[in-house]
Amino acid sequence: MKIVIEALIVLLILTNLKLIASSRLSACIRVVAVQGVLLGLMPLIAGQEALTLRIAALSGLTMLLKGVVFPWLLLKTLRSANVRREIEPFVGYAASLMIGAGLLFLAIWMSRQLPMPFAVTSPLIMPLAFFTMMIGLFAVISRRKAITQVLGYLVMENGIYAFGLVFAQHEPLLVELGILLDAFMAVFVMGITIFHINREFDHIDADRLSALKG
Amino acid sequence: MTDLSVLLGPISALVLAPLIPGIINRTKAVVAGRTGQSLLQLYADLLRLFRKGAVYSRTTSWVFKAGPVAGLSCMAVSLAMLPLGGVPGAMAFTGDLIVMVYLMGLSRFFTAAAAMDTGSAFEGMGASREVQFSVLAEPALLVGLAAVALAAGPAGLFDAGPVVNGFRSLSEIYHQLTLSVWANDGAILLLAAAALFIVALTENCRIPVDDPNTHLELTMIHEVMVLDHSGPDFGMILYAAALKLWFFLALLSGLLIPVRSENLWINGISTIIGIFFLAVGVGLVESVMARLRLLRIPQLLAGALSLSALALVLVLWG
Amino acid sequence: MIFLLIGVPVLAGIIAFFIRPGWMPRFLLLAVAVTHAGLTAGVWMVEPAPVLDGWLLLDAPGQLFLSITSLLFLMVSIYAVGYLAREDWGSRQDFKEGLLFTNARESVFVCCLLLFLGTMTLVTVSQHFGLLWVAVEATTLVSAPLIYFHRHVRSLEATWKYIMICSVGIALALLGNFFLAVAATFKGQEHIPLLVKNLMDNAPALHAPWLKSAFIFMLVGYGTKMGLAPLHTWLPDAHSESPSLVSALLSGALLNCAFLAVLRIYQVCAAAGMDSYGRSLLVGFGLFSMLIAAAFIVRQIDFKRMLAYSSVEHMGILSLGVGLGAGGVYGAMLHAVNHSLTKAMLFLAAGNIIAVYKSKSTREISGVFSVLPMTGVLWVGGFLAITGSPPFGLFVSELLILKAALDQGRWGVAMAYLALLSVIFIGMAAIFCRMAQGRSSGPPATGLTPRGLKTTLFNEPLLSVLPPLALGALTLVLGLYIPEGLHRVLELAAAAVEGF
């Protein structure tokens, strides 16, 4: 069991690194899709309790939304915006990877500062959640294209959600569904906004949205 | 532990290393549907080169001549420390891992210096690239091996030398890489192996980092540095390159093939067979991949570094 | 009762999406606003029963903020009826860049307004932290289309920043939620539901480091939504580019809702005996917000941005008041009421000015008194009110907060507070006076004569003057006299916030 969980965690960490190392936007979206599916598997494997209908439903829905629906929405947006690559991000790809490795250490350090009050399946899950979150934030601030920022937001949400799935399993189903619904709406609204940005400006570079200041 | 088997590593390396480029080339040829050159082609080349005389430009100094000699001797010394799977190196000692990595650095220094000694702009460019990439490749190698060392378990099961503060010889580390380590920390070893594989490709100038067959000075890295060498000097360079390739494949093979039986000969032979399989693997990679753009190479190496950093993190806190 | 409060606006919003533009959606908007306000008034008479096992429950802070929201929404929807009737629905020229733009569909606008009301109501009645988070994030999502009502490039930019910054910020609050869940789990996996009441009852048993981290993350997360500096960057853009009535709602109602979310977690912290820890953070954020606001208000050239920064300032004052504790909390509650009323009034008046002058520049506009006498009076009165001049309610609440600081002997905080308030007063005075007085600068050179407007007292549309006037009158009343019922609720709310 331990090896399965560890493999899952390693794969999730690798998807994060892959996200900040690839310039092709469609590849980034696929990476996030894979991450969503892996995340959906997480409660099935790492849960401390027996498999209940609730966990199964949650995991299935997570995989469906994060693995299929979001990527599909974003790919659709990408096609309408007609951009393929992230050109000249604020932080280069090699440097991003280095920063990613640094963030990993930071995530582990942070999770050491907050010891869990109860026993957990694997001590790596919390660093993973922090790391995923930080990678998401990093993608939001270091990339130009609006769509990469949405991806960053999604990844950040994934990290937080991973934390919730594993540690806060007592959250009522209603809340979990609400969170998923909100994430869905957020991606939907952001997608529409990107569509409008593309139509108005002929580009989706968020850093060039700079008319408002002061 | 003074067994004749400790000589297996260095001798097999010195004898069999030139076979590896042959295997890679043959694999590529087969994949491409060609017959390809003989498996023993490099032996013939070396023989030919060593019978020739060398030509030296008037602008070069002793540095130029020292490059190939230093390169070959550095490789020969590192091979003496290299374990062949479970077979310890002939002169294993505590901390030899670091010495090996820096011997590589020394040989790189002399090769680069010799290249710059010619005063050719192209060779200087090659030297600059070689040094630039090794800046990233070296930490990836060291961090990856550190992860492997920690995964292999605590020191003290094997007496190849005095144990100082948990430092061990590479031979001892490799000796402890048994099947049970794989069962426990397979993910870590795989990550480290992936990082080592990328480093091996970089250090040996294989595709996707460098193309050993190209002769465009603008895109080459290693080949461009040795353009001016001729005769026995060039022979030494080719031989040292083959040894280096052997060195890295042996590291990988020892990691990937956890045969640690009582009989050291079985361990050694299985590792050598592993090396041959890895050579086929390198050939396959070269057949299916194109060379990366020069600008993307640091990214690949940064990837390798993050893989080994990840392995280290996992083994430290997993 | 609680179900009705949430259900009516949400259902009506969904209906509004499908009906044709025209008087129907406007009528629906007004009807829902009146119903909602009526229901809210009913809440003051009869205490509503908790529903869903206490997940939805109206306590004193919730009641206070619900009433503000409902009142503002009523005023704004009266204003909206006139506003939407006068809107030009075809494509027209943007007055800043001269590009053509159109409006979003009216039914979508009304739909989003109603959903906005519904989600804000949900925020005020949520007792469960998870549900609270869901509701706050939902307010962001339904208000984004409102900001992008005028479909030009600047509002689009503002929408993008709003949605991106707020979503990322609120995601941090979600992490805070999960931290709270960990803090509420004990050794034997025994778990307290994340209801405010249950958490407060068991507060001393909560795991302290996790509760502290939860507080930090929620403060940062909801603080982003609330506009606390340095997390306020979306706020001036969103408030200045959205239609004025939406700005009024964002500033007067939405920021308060986010503030309520911060209060909820502060409540738990205070009950757990960590109030000094939370307070120092709140005071720090509060003063820093005031500082940033002061720096940007002085010499501001866009008057809607100036109002937006003023919101940042007042959110800072709210946080400062709660951070000071004791009498400051009561002051902060009163301040929330007064600020909402005054800021909404100012934004509505600003809408009237923009409608005539077609400009938001403080440099180009002068003579509002002579062109729009009623709005001019409102504008200057609003200025006096928002800066806390004596007869108005804000004076009382700001004084209460100052008194709390002085009572505790925190001279440094009191001095900084007073200094920043006076800088803001001077900065705003310069802008407001220049705009209100002088000869009419407009109608500008483009010949945008406001349709043969005569400078008489009653030339302005009644529907666009009455709501701000009513709001202003209320602030004035609150400055002179606080009704007994309100006083009781304010006290209860302050006590609840302090963790009793």
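By letter and in written order, the chains are A, B and C; residue numbering begins at 1 in each of them.
The working rule: a contact is a pair of C-beta atoms (placed from the backbone, for glycine too) under 8 Å apart; a residue touches a chain by one contact, two chains touch by 3 or more.
In this text the structure is predicted, and so the values were computed from the model without any measurement.
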item	value
Interface with more contacting C-beta pairs, comparing A-B to A-C	A-C
Most widely separated chain from chain B, with each centre as the mean of CA atoms	C
Most central chain, judged by mean C-alpha position against the global CA mean	A
Interchain centroid distance [CA atoms averaged], chain B/chain C, Å	65
Centre-to-centre distance between chain B and chain A (centres being mean Cα positions), rounded to whole Å	37
Euclidean distance of C-alpha centroids - chain A vs chain C, Å	31
Multi-partner residues of chain B (each touching 2 or more other chains)	none
Of all residues in chain C, the ones touching two or more other chains	none
Touch list for chain A against partner chain C, complex	48, 114-118, 133, 137, 140, 146, 149, 153, 156-157, 160, 163-164, 167-168, 170-172, 174-175, 178-179, 181-182, 185-186, 189-190, 193, 196-197, 200-201, 206, 209-212, 214
Partner chain A, residues of chain B touching it in the complex	136, 183-184, 186-187, 191, 296, 298-299, 301-303, 305-306, 309-310, 313-314, 317-318
In the complex with chain B, residue positions of chain A that touch it	3, 6-7, 10, 13-14, 17, 21, 93-95, 97-98, 100-101, 104-105, 108, 122-124, 127
Parts of chain C lying in touch with chain A, wherever the complex brings them together	128, 130-131, 133-134, 137-138, 140-141, 144-145, 148, 151-154, 156-161, 163-164, 167-168, 171, 174-175, 177-178, 181-183, 185-187, 189, 191, 193-194, 207, 209-210, 213, 236-237, 240-241, 296, 300-302, 305
